[in-house]
Amino acid sequence: MDSRNLQLTKEIIGKTLGQSGEDSLNSLGKELRILLSQKKLPKEPWTDLMIQSVLTDLAMMDSNNFTSRAGVGEREGRIFSSIVQHRHFYFSHGIGRSGEISAIQPKAAGSSLMAILTNTFAKHALKISGIRKVDCMVVPMATGMSISLAMLALKPQRPQAKYVVWTRIDQKTCLKCIYTIGLQAIVVEPELKGDAIVTGDVLNAIERVPIDEILCVLSTTSCFAPREPDDIERISAICKEKGIPHIVNNAYGLQCHKICGKISNSIRNGRVDAIVQSTDKNFMVPVGGAVIACPSSEFLKSISSTYPGRASGAPILDLFVTFLSMGEAGYQRILRERRSLVPIFKQRLSEFARSFGERLLESQNNTISYAISLDHFPNPTAIGSSLFLRRVSGTRVITPQSSKSVCGISFNSYGASYSNYPLAYITAACAVGLSPQEVDLFFERLSQVLRDSRAAY
Amino acid sequence: MDSRNLQLTKEIIGKTLGQSGEDSLNSLGKELRILLSQKKLPKEPWTDLMIQSVLTDLAMMDSNNFTSRAGVGEREGRIFSSIVQHRHFYFSHGIGRSGEISAIQPKAAGSSLMAILTNTFAKHALKISGIRKVDCMVVPMATGMSISLAMLALKPQRPQAKYVVWTRIDQKTCLKCIYTIGLQAIVVEPELKGDAIVTGDVLNAIERVPIDEILCVLSTTSCFAPREPDDIERISAICKEKGIPHIVNNAYGLQCHKICGKISNSIRNGRVDAIVQSTDKNFMVPVGGAVIACPSSEFLKSISSTYPGRASGAPILDLFVTFLSMGEAGYQRILRERRSLVPIFKQRLSEFARSFGERLLESQNNTISYAISLDHFPNPTAIGSSLFLRRVSGTRVITPQSSKSVCGISFNSYGASYSNYPLAYITAACAVGLSPQEVDLFFERLSQVLRDSRAAY
Amino acid sequence: MDSRNLQLTKEIIGKTLGQSGEDSLNSLGKELRILLSQKKLPKEPWTDLMIQSVLTDLAMMDSNNFTSRAGVGEREGRIFSSIVQHRHFYFSHGIGRSGEISAIQPKAAGSSLMAILTNTFAKHALKISGIRKVDCMVVPMATGMSISLAMLALKPQRPQAKYVVWTRIDQKTCLKCIYTIGLQAIVVEPELKGDAIVTGDVLNAIERVPIDEILCVLSTTSCFAPREPDDIERISAICKEKGIPHIVNNAYGLQCHKICGKISNSIRNGRVDAIVQSTDKNFMVPVGGAVIACPSSEFLKSISSTYPGRASGAPILDLFVTFLSMGEAGYQRILRERRSLVPIFKQRLSEFARSFGERLLESQNNTISYAISLDHFPNPTAIGSSLFLRRVSGTRVITPQSSKSVCGISFNSYGASYSNYPLAYITAACAVGLSPQEVDLFFERLSQVLRDSRAAY
Amino acid sequence: MDSRNLQLTKEIIGKTLGQSGEDSLNSLGKELRILLSQKKLPKEPWTDLMIQSVLTDLAMMDSNNFTSRAGVGEREGRIFSSIVQHRHFYFSHGIGRSGEISAIQPKAAGSSLMAILTNTFAKHALKISGIRKVDCMVVPMATGMSISLAMLALKPQRPQAKYVVWTRIDQKTCLKCIYTIGLQAIVVEPELKGDAIVTGDVLNAIERVPIDEILCVLSTTSCFAPREPDDIERISAICKEKGIPHIVNNAYGLQCHKICGKISNSIRNGRVDAIVQSTDKNFMVPVGGAVIACPSSEFLKSISSTYPGRASGAPILDLFVTFLSMGEAGYQRILRERRSLVPIFKQRLSEFARSFGERLLESQNNTISYAISLDHFPNPTAIGSSLFLRRVSGTRVITPQSSKSVCGISFNSYGASYSNYPLAYITAACAVGLSPQEVDLFFERLSQVLRDSRAAY
């Protein structure tokens, strides 16, 4: 409400009352001013009403919402269903334009502003998590496709490149994102160190082919135990020395300070070209977005201009709302809550394992995922599905026998990220958003399932 | 409400009244049954409440909404903001899984069902529009990226391929989607035929390089006048003869029966591998989705399995809701409304042009976009921005002087899709969703702007 | 967004694009300015986004939404459920204060402004319908309770009053609203004039008791055929002459120009103290509100101050939103649509009746409800329920036999508003919002039911 | 989704996945079954999605949502604005029918079921709070009007009644609800006992007029300190002995176990006819509803049938949603949270007062509102408005000088509920929903204001 309307309002409801309303609107204006000038997460969470207010203003700035407009193009942001219109808060132009996914859209001032702010908020969130000295953008693609996009942007720099040096991690997407764009993986088999599976000999892999045929090294920081995050400090040092680009798959690593610290070190001392993280796994939004961060703004811009055309604005809107709704304080809180749950989770898991004659597999550097052996269970694979039937989701049971072919490559002990891992085991993650009640439920049901499993034999 | 709950309801509110409620729920159940068994657009539009009801049921089937569940994975579909949760109707798992974008998701029964139905509804919509004998899937990417994906899926079949034969169309995305994935375009310059710009010599272009170095031909059916839709019947015949894949960029062609008829003919008599259309431009949803249609289900499956990982479910949800909200009748209606507006629009435009001493440029086969000459205006480029200031969006002004470099290729008369087009002109589209009121506004303001433009000199 | 924030916005997204957004926000500001200065329905409908925007601003002005507030009272507008909060657009203080239901609320500037505007919009709507020279307020009570309230406000003026002279209308509420507050009705039995039931001898009824024992005359303008609207011009003349207050139950009369014209005449020439109309029946909002209109602002204020305490703001919000969403043009349109459906409806009903050997009962002055005889049907009462089972709602079947006791008074032919009406009949209304499709459905099913009814005998 | 649709679903997405969805739907069905059979608050909170699901089912059962219906009545539940439709979850028929506000509505099975359940949930909530042996109903009117309605329902039992014996409580509504319906108050002036203001001589007041001229005694249990809740055990004993009805204004007393215990005792040993409580103050919903509870179901039914006509369903829907969203556990929790905040609040207030040379006024039996003296402040009234400017709402400053006339009666020290209370003081409440953060803010700002106030002199 502008000042003339506030004046009219006072004439209707009286000066004093009108003033109290104006004060509140001014407070909101001030909060927005802080946002627009600092371009950071607000210190404190915004209320839903404040968020609604800014969304409404931004939507009004998009051309599809101009009153008495005439749209005679082929793409005018018209929405058929009022349900759809309402759920998108009247935004419809998506993000980007033909030239660049992070370009400002001439038809959509509000959407453009939102996209830019979401990027700067994400940068702030990365900093809070411990990743410094990067520029970033939020893209409406999940982690896998985002890694592919970053690789495509590397292509013109390395026209001979055919290979990606890839430290084995047994999640299909991580390999597929290489083959999708017509490249091949040089697999670096990890090594066993105690129970833990750690980064293998990257240097050796690099030397297998001419260096200009290698597009980049793709390392991974967040993974299922007992695999540990890759030793990216070492990898980035090698990449720097050899002049090879380095992309870090940091899918859900933002929740771990240790990982983020190592990323910052790697940026400072070695070579990192892009770090890709999932928005859903780190920020609790629906699947469909990723944050691509780059130490070089220029390379970030290449990635942005690699994308052909426009894209859905939905994942950006989700993150924008979530960032406002969290504020810096809220984001710190969920990180802190996870951190304080970790030792308890680990301790309980360890004791639990012992009570069944099993043990927690040691993988010190993995602070998100934990694994306990299932050495004395006749049919470990049945345990996962029994748990799912009891509404425990997210566990994975791996046995030495499982083998699989992905993108034409055969893997033994698929799931373990290591051929011939000696034990069967089950993993569980202490991820952001996990509640203590869920932990209780998990142990209760796991206990039941394991007892049943033993009893069956 | 199941039968036992209905029984209890009757005990509370009485048999007769309870029965009237039960009847209504049964009617809804029956409508849903038709949907699930026929997998087609409903004959008549569904009400918002009916849609809400089915969304609620489907959401309840996704594991993130199970009551008393324990999620101990790294991706559990948790949503931080209640605004975000609500706007996604409690869906959060997106679509696809690592293997395939159209795969069923083990954690999300409801989302999976929705994705499958949306695909079959899209197939039905394509059939209504006139494209028969195809299978299709809806992807959460806009047209450009979807074309890139289809090309990536062709790659393994044609390992030597480096080129795409591309009939020039001056929209950046259409060229970028080739270069993004590391390929190069062999440009087929169109020909001038009267005022119209028509498909050039595709055969000659094909013969410029060894045939196995050509990935495919990329033709375009929907474009700004005076360029006409490509002669895809001829192109598909050539592709069939030469054994070259053929991808059709049918961005907003579903609204035109003529184009769709030609696509069907091309499928029947020639070679078409994939047809890509925008969801926003054809079905009035927010930007961010495309329908990829293929005569071969097998190739469609390859495209689906080319995508690495999961993706946003938002564009699918939008389309699902919109399809229910339209029904077959509603979709027919918007097609019909456009069709009946076309002759009026064209006629008014022609008369309007004459009144300014200009003329409608003849491009018979383009029934969506229309152009009128601006031959007697000293500064045509200013006209577009003047119109935008008056809230007329979607027009484009092209002059012979404009040249541009895209993906390293220089184009003269950029925008005209033809080097050295002799005239300046302005385009306007009679696209789906355009209202008669907008048409009136458009002419009123165009008239004002043109008068002002003349007066200024 | 205030000017400083717009400035910052321009620094982020560029001047030109920022300006286009600012222009749109300014347009909205201007529309709001017109609203706040003219206090009338907007000429044209507001879009949902514009409505959302004004609701957001108003909500922000209420103290329950102040940021960093401390509420240490017993009523602080806290909302437990986010569903509830969201559905009320964050309003929670209701309307009114202990002194007066239309008083400004010191804790709720936005709610207060909304309530005042809704009153002035209602006044404008009444004027459009044809009722002039009144002041009015919207109350969150349905018609019956609103009439009671108006009567309670008359009480202090007429301390001896025990009776209300009431022209018989067979809807329970119309009688109950008298007895609820401890008064008794003097029933004026209507008269039969052809098929029509018209106002009886009011004067005679008035003379039955000492005049100061009569609180008021309660007349009714909207009723089921064949009863006609009361002859309120005559009644108001009598009331003026005798010095007796006159309340008009105009429940759904706003949709009829004829009725409203007679009300205006009655105000000008006779005595009318209050006219009460339902919000749901006239303006298509959920049940629960009424507009109380009074020629004397002073008496309106008495009614307002009669109400003890606060009340729900929900019906006011509904009406505020609906008025904006209709605009003057939309309200005119729905009135016009009904008006143009009336002759068709009447004609079809008449022909339909004839085809079954029955007839349309003549009640010329009732332009909303219509009745056809059911003289040759053995079991007319079954027809109503058969229709309801076929999803035809709103018809009423009346037979001469039905008698009933309400508030201790026995009525013959209850439902007909006339003892011993000679015929059985069925009524149907051509009310605001009725669609031509519904009319078709109605006749189709009525035909079916009547045929079945005959066939059964 | 019924079993046949689940079968079809399994054919589409596979048996196992379909089964997991079915299980979740069945769980919801089971929760609903418990609700419908026990008619109590659910043990645990329902999620928003579960609530959405039941609302959708219920809405579908109302006739305005029947598909292919033909509404030819004057009230068909049509909604003009999609915003309004959506915010009411497609309910539009309100509650009640002409005969009775709690009657089942023949056109609205779902709304009727919701209204009945809300009543039984409220009964359960009252029991949890400590009021047993009552039946109750939720009405869409705030406390004042609800008390008036209860009195109106007493009227036919006591035709001679003109007076209500009323223990003075200085909130306008509490007196107005008597005068609104044409009765007069016999004021029982409270007595001073230390700092506290306690119930005066009710017996004496009763004896001032013939007993059949007294409609009832109206006592009050929740009030601003230093007035204490009325000694309703004594009053109810007197009422029993004298055969006079007794209505308890328990506006926000449900949050206090002590008050509710006394109400239960009064019911058991004395006479209580109706207890009226606000929904917003006790259950954190928007203003506009009340729970009327009666030991006699028959009298409750009289109240229900006193109301003329239909009424808004909005407050019932709000409460229904809130009850599901709280569950028994949630309601217990908010009661417990308040209870545990009380001693802290009181202690801090007392220390705070001492630090300014003032004191906490002792009113032992009032556990919600607290008062501290402002004996050494030159201008106490300015303190309240200074606080409001600092966004502290809900405090009240009372001085001995304030006097006021309400409903024609003059009161000294108005606000204190006692003529000539010796001190100025300020009150603050520790009410349900108050957060510890607000308490901190309150003391911080009060401190600032008091310091400023002293400094100013």
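The first chain written gets the first letter, and so on, giving A, B, C and D; residue counts start at 1 in each chain.
Throughout what follows, a contact is a pair of C-beta atoms (placed from the backbone, for glycine too) under 8 Å apart; a residue touches a chain by one contact, two chains touch by 3 or more.
Nothing here was measured: the structure is a model prediction, and the numbers come from that model.
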{"item": "Most remote chain, CA-based centroid, reference being subunit A", "value": "C"}
{"item": "Over-half contact-pair match to A-B, picked out of the listed pairs A-D, B-C or C-D", "value": "C-D"}
{"item": "Distance from subunit D to subunit A - Cα centre to Cα centre, in angstrom", "value": "46"}
{"item": "Centre-to-centre distance between subunit D and subunit C (centres being mean Cα positions), rounded to whole Å", "value": "29"}
{"item": "Centroid distance [mean C-alpha coordinates] between subunit D and subunit B, Å", "value": "54"}
{"item": "Overlap residues in subunit D, where contacts from two or more other chains coincide", "value": "20, 48, 52, 63, 66-67, 82, 86"}
{"item": "Contact footprint of subunit C on subunit B as seen in their complex", "value": "20, 82, 86, 388-389"}
{"item": "Touch list for subunit D against partner subunit B, complex", "value": "1-2, 4-5, 8-9, 12-14, 17-18, 20-22, 24-25, 27-29, 31-33, 36-37, 39, 47-50, 52-53, 56-57, 59-63, 65-67, 82, 85-86, 90, 104, 106, 109-110, 112-113, 116-117"}
{"item": "Subunit B residues touching subunit A - in the complex, by the definition given at the top", "value": "48, 51-52, 63, 66, 68-84, 87-89, 91-95, 98-99, 107, 140-145, 147-148, 152, 155, 171-173, 176-177, 180-182, 222, 251-252, 278, 280-281, 283-289, 306-315, 318, 321-322, 325-326, 330, 334, 368-369, 391-396, 428-431, 433-434, 438-439, 441-442, 445"}
